[in-house]
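You will see chain A twice below: alongside chain B first, and alongside chain C after that.
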Partner chain A sequence: MRTGRHFHILILLAAVVAVQLLTLVAGKGFYLTQFTMTAYYSLIIIGLCLLMGYAGQISLGHAGFFAIGGYTSAVLTTVDLSAYKGSALTGILIKLSLLTGRQDLYGGQMLSFHPWAACVVAVILTVIIAYAIGVPVLKLKGHYLAMATLGFGTIIYSVVLGTQKFGAADGISSVPAFPLLPGLVVSGAPGLRVQNFYIAWGLVACGMLLLLNLIDSRVGRALRSIHGAEDAANAMGVDTARYKLNTFVLSAVFAAVAGVFLTHFNGGIGPSEASIMKSVRYVAIVAVGGMASLWGTLIMSAALNFLSLRGYFGSFDDAVFGGVLVLIMLFSPEGILQFDARTMVKKLFQRA
Partner chain B sequence: MFLELFFQYLVAGLTYGTIYAIVGIGFNIIYNTTGIINFAQGEFVMLGGMTAVSLYAFLPLPLAILGAVIITMAVGGLIEMVFIRWLVKPSVLRMIIITIGISILVREAGLVLWGEGVRSLPYFTGNEISALSFGGVRVSPQVLWSLGVCAIVVVLLNLFFKFTMLGREMRACAANRDAATLCGIPTRNMITLSFVLSAGIGALAGCVVSPITQTQYAIGSGLAIKGFTVAILGGLGNSMAAVAAGFILGILESFSIWVMPTAYKDAISISLLLAMLFLRPSGLFGNREAFKLKDF
Partner chain C sequence: MIVPDIMPLLEVNNIGKRFGGLQAVKDVSFSVQRGTIKAVIGPNGAGKTTLFNLVSGFLPSDTGTITFRDTAIHGKEPHQIAGLGLSRTFQHIRLFSHMTALENVMVGRHVKGRAGFLAGMLGLPGTRREDQAHRDRALEVMDLLGIAAFADTDATSLSYGQQRVVELARALATEPAMLLLDEPAAGLNMRETADMAKLIMKIRDRGITVLIVEHDMSLVMNISDEIVVLSYGEKIADDMPLAVQQNPHVIRVYLGEDDA
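And now, the complex of A and B:
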């Protein structure tokens, strides 16, 4: 099992390199932009896969966590604190190099938070909110859980849309690049396209490795027991509430990190990222991937997100995801990779 | 002046309350017979309103509304037969995802059919500015129409469930599906019927409030959340309580505009929903002990 896991990650990395080389040979370097965005969306989706497929808890509000991450980062890196330059607090922040100066659009000097500081704040904020929401929400089951998470997503959406500080319907733009390490920058600049492609997929590979290790451990077995029969798991001494909560928070953090990176990559974020349709889309992709299959989910996420971002579905974008959702759940609830046409046809004729 | 304003908000609250109540009843009818929450419930309201507006182009108003209700009922029945009827003991998660998918499909179909434009039926009596005055409080006749229709729907539903054979069979199906099947009740048909019925009620609500609230392809999901809030608030499965809860939510929302920006209006109902789910999921009027025994 151990070698298999690392072997699969290596295949993923090989596929990533192959895609980059293919686009290079085909002269379609611009495809990498969509592949990079696909990677960040995939990061949310594999996190949600852990929650839905392994812990068996649905969340229709994951776009909310993505938005919390993205918006926190966007606000902190675009806020201008140069007016408070003299104050003691800003002095301390500058000393700790949490604040950086840069030029704004009009050539003036502005002082705002360093993207790393913003990223850390975004993750901490997400963890706090996810815990606060998770404690009551995860006591619910079935329809109630679905509706409560949907409600959470809707609240985040209406707050983002209705608040002037978050740019209301326009969102926040001119978010600066994110200098990860010297020489590594998350940014949408065309010159950094290849670099960003590898950063994004490297992040996905790290995420996958983390999740694969997790589900193969004591925690993973506990989660599967919760999915199978929560009461039985409880009776066997599994602290189901704690496992569910931690999984919820972990998947929220995946969403928030994706939000932070994608916001820096796109140079902005808008309220549509927080919309319910996005949350439903993530759920759809996890369902198509087969719920409890991280690799299936990743493959489907890469395919569907890329096609959607390249605009292959045209104005039927949402309809495609709705249709996919219904078809998969009707005919192959174990995911498209498990679809068995022969038994399906047999079943249909048996009934008739 | 203060008192007049108060009553004005109250009337506005009642108007929205009726539509929430009717959507909530729709949830309950399907929940009672199938044990599932139909996330596409709000879409029936949209379909009803939009179809009526389209039919009104060449039919008189009452016929247009009747046609819209019948067409939506057919769509409701069709949805059940195509997507749900043949599933063998589907899990709750699967049903949630399927009905969400259906609601997206219906909404997108609405977008293709009718575009993004906002439409509305004409006022049933009078027009936008005609108003009846009750001691200084001005009430649009359409508000009375929607209150009246809501009352008639509730009374008829009660009579149907209490005194007709079909209604009793549906209640038997709700109480215990296996036992109902053993008694020779065609439970599968009852489920289809519950979809037809709740689609019809939703469509009627969509027609009645269309002059006041307007109809657009995307109104469904918002209404679904409100309707669900109402259903939970009253206690899932209890249609009469849903009406009371509908008015409570409508009035709360209406008064919230008084003190808060309109943009947060939706957040009120959802916060209320979350609070109810956390504190008292059996609903305001529900029985806690009975709720614990329910399988949801």
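And now, the complex of A and C:
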């Protein structure tokens, strides 16, 4: 089981390298930009897959967590604190190298938070909000949970759309690059395209490894048992409420980290990232991927997000995701990898 | 001096539960001694399952107290009660779907493990060793109950009788001091029922106290040390099987006068 897991991760990495080489040979290096964005969206989606497919809880508000991560990072790295340079607090923050000076678009000096500091704050904020939302909301089941998380997503969308500080409908732009390590920078600069492609998919591979380990552990079995029969899980000593909550928070953190990275990669974030249609799309991809299949979900996420980002679906983008969801639910509710043409034919011709 | 062993493992005192206008369980008291098999019987609607759910924490009681291993457990959550060493099965089989029989039994090891989210995600050697130990222990239990051969089969694709045994193995894997069995013979044929009786005695012989709620008289009469009889939520007898069988009150309300 364990060797299989590592073997699959190696195949993923090999596929990533193959894609990069193919785009290089074909002279289509610009594809890597969409592949990189695809990776970050996939990070949200595998986190959501843990919540939906393994713990059996739905969230129609995950675009909200993505936005919390992205906007927190965008605000903190674009805020200009140079006016407060003299204050004691700013002095301490500079000493801790949490603040960093840089030039703005017009050559003026700016003093804002280092992207690492912003990233940590974004994750902490997400954890706090996810706990605060999760405690009351996860008492609900099924449709009710879906509606409550939908409500949460709507609130986040309205807040980012209606707040001047968040750029209202324009969002926040000129977000700086994120220097991860010396020589490793999350940035949309064309010269860093290959590097960013690898950073993004490296992050996805790490995320996959963590989640694959988790689902085959004590906690993972507990989560799957909640999905299978919640009362029996409880009778076996599984604190079901706590496990559901922790999973909700963990998947929110995956979404927030994706938000932080993609915002630095794109150099900005807009309210559409927080929209309900995004949340619905994430849920649809998990469903298409087979709910309780991290690999199926990742494959479908890579394919659908890439096609969507390349604009293959044109103005019918959302319609395609909706349509795919309807078809999968009708003909292959266990996910597209479990698709069986014979069952489909049978279903088409049998009466309801 | 009284040695602690004389103290009953489970003590139910004046427990009561009302659902709207129905007094499902009324003022019931009984105790279960360590290392014995006790059965709760009664006609349909006598309050057996309600009583069972009160003891295992699935329902809050209106009145009374329940003490297990000298700890008050009324008002505690089911997972807390399970953590104290009281494990249960379900009348309607509740196996975890999309998990193998072994994985189902390994969930029973949950209370004995410690690894949390972080340890699980990192999959460090120590965590893996702990996991392997639980896997081995779960397999031992399955072996004891004769279902080790189905370890890697999807649990819900097993036969009904096998599923019942997997459920039993899952409850046993928690290494409980006491096992609550909710109609373990429900849906089993005569031969499977006889096998189940043997398994329950085997479990008792390993020092695990057993409380059974059962409809099937043939099962409990043969294996129980003591039997509580409920009728309309009230206890009408609490005695050894033979005495219960001869108790005129029991014969009237439960066995039916003509059948006795």
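The rule we apply is simple: the second predicted complex is superposed on the first by the 346 of 352 C-alpha atoms of A that agree within 3 Å, B and C clash if a C-alpha of one lies under 4 Å from a C-alpha of the other, contacts with A are read in each partner's own complex, and residues count from 1 in each chain.
Operating definition for what follows: a contact is a pair of C-beta atoms (placed from the backbone, for glycine too) under 8 Å apart; a residue touches a chain by one contact, two chains touch by 3 or more.
Since the model is a prediction, treat every value here as computed from it, not as a measurement.
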First (chain B), second (chain C), both or neither touched by A:A63: neither
Chain B versus chain C as contact partner of A:L210, first or second or both or neither: second
Residues of chain A touched, compared between chain B and chain C (which is higher): B
First, second, both or neither for A:L304, with chain B first and chain C second: neither
Contacts of A:L150 with chain B and chain C, given as first, second, both or neither: first
First, second, both or neither for A:H227, with chain B first and chain C second: second
Partner chain(s) touched by A:A274 [first = chain B, second = chain C, both, neither]: neither
Touched partner set for A:T240, first chain B, second chain C, both or neither: second
First (chain B), second (chain C), both or neither touched by A:R218: second
Touching partner for A:P136 - first (chain B), second (chain C), both, neither: first
Contacting residues of chain C [partner chain A, same complex]: 56, 58, 77-79, 82-83, 87-88, 90, 94-99, 103-104, 106-111, 113, 115-117, 119-123, 127-128, 130-131, 134, 170-171, 174
Parts of chain B lying in touch with chain A, wherever the complex brings them together: 36-37, 83, 86-87, 91-94, 96-98, 100-105, 107-109, 221, 225, 228, 232, 261, 263-264, 266-267, 270-271, 273-274, 277-278, 281, 296
In the complex, chain A residues that touch chain B: 56, 58, 60, 136-137, 139-144, 146-148, 150-152, 154-155, 158-159, 161-163, 276-277, 280, 283-284, 287, 316, 318-319, 321-323, 325-326, 329-330, 333, 351
Touch list for chain A against partner chain C, complex: 2, 210-211, 213-214, 217-222, 224-225, 227-229, 231-240, 246, 250, 292
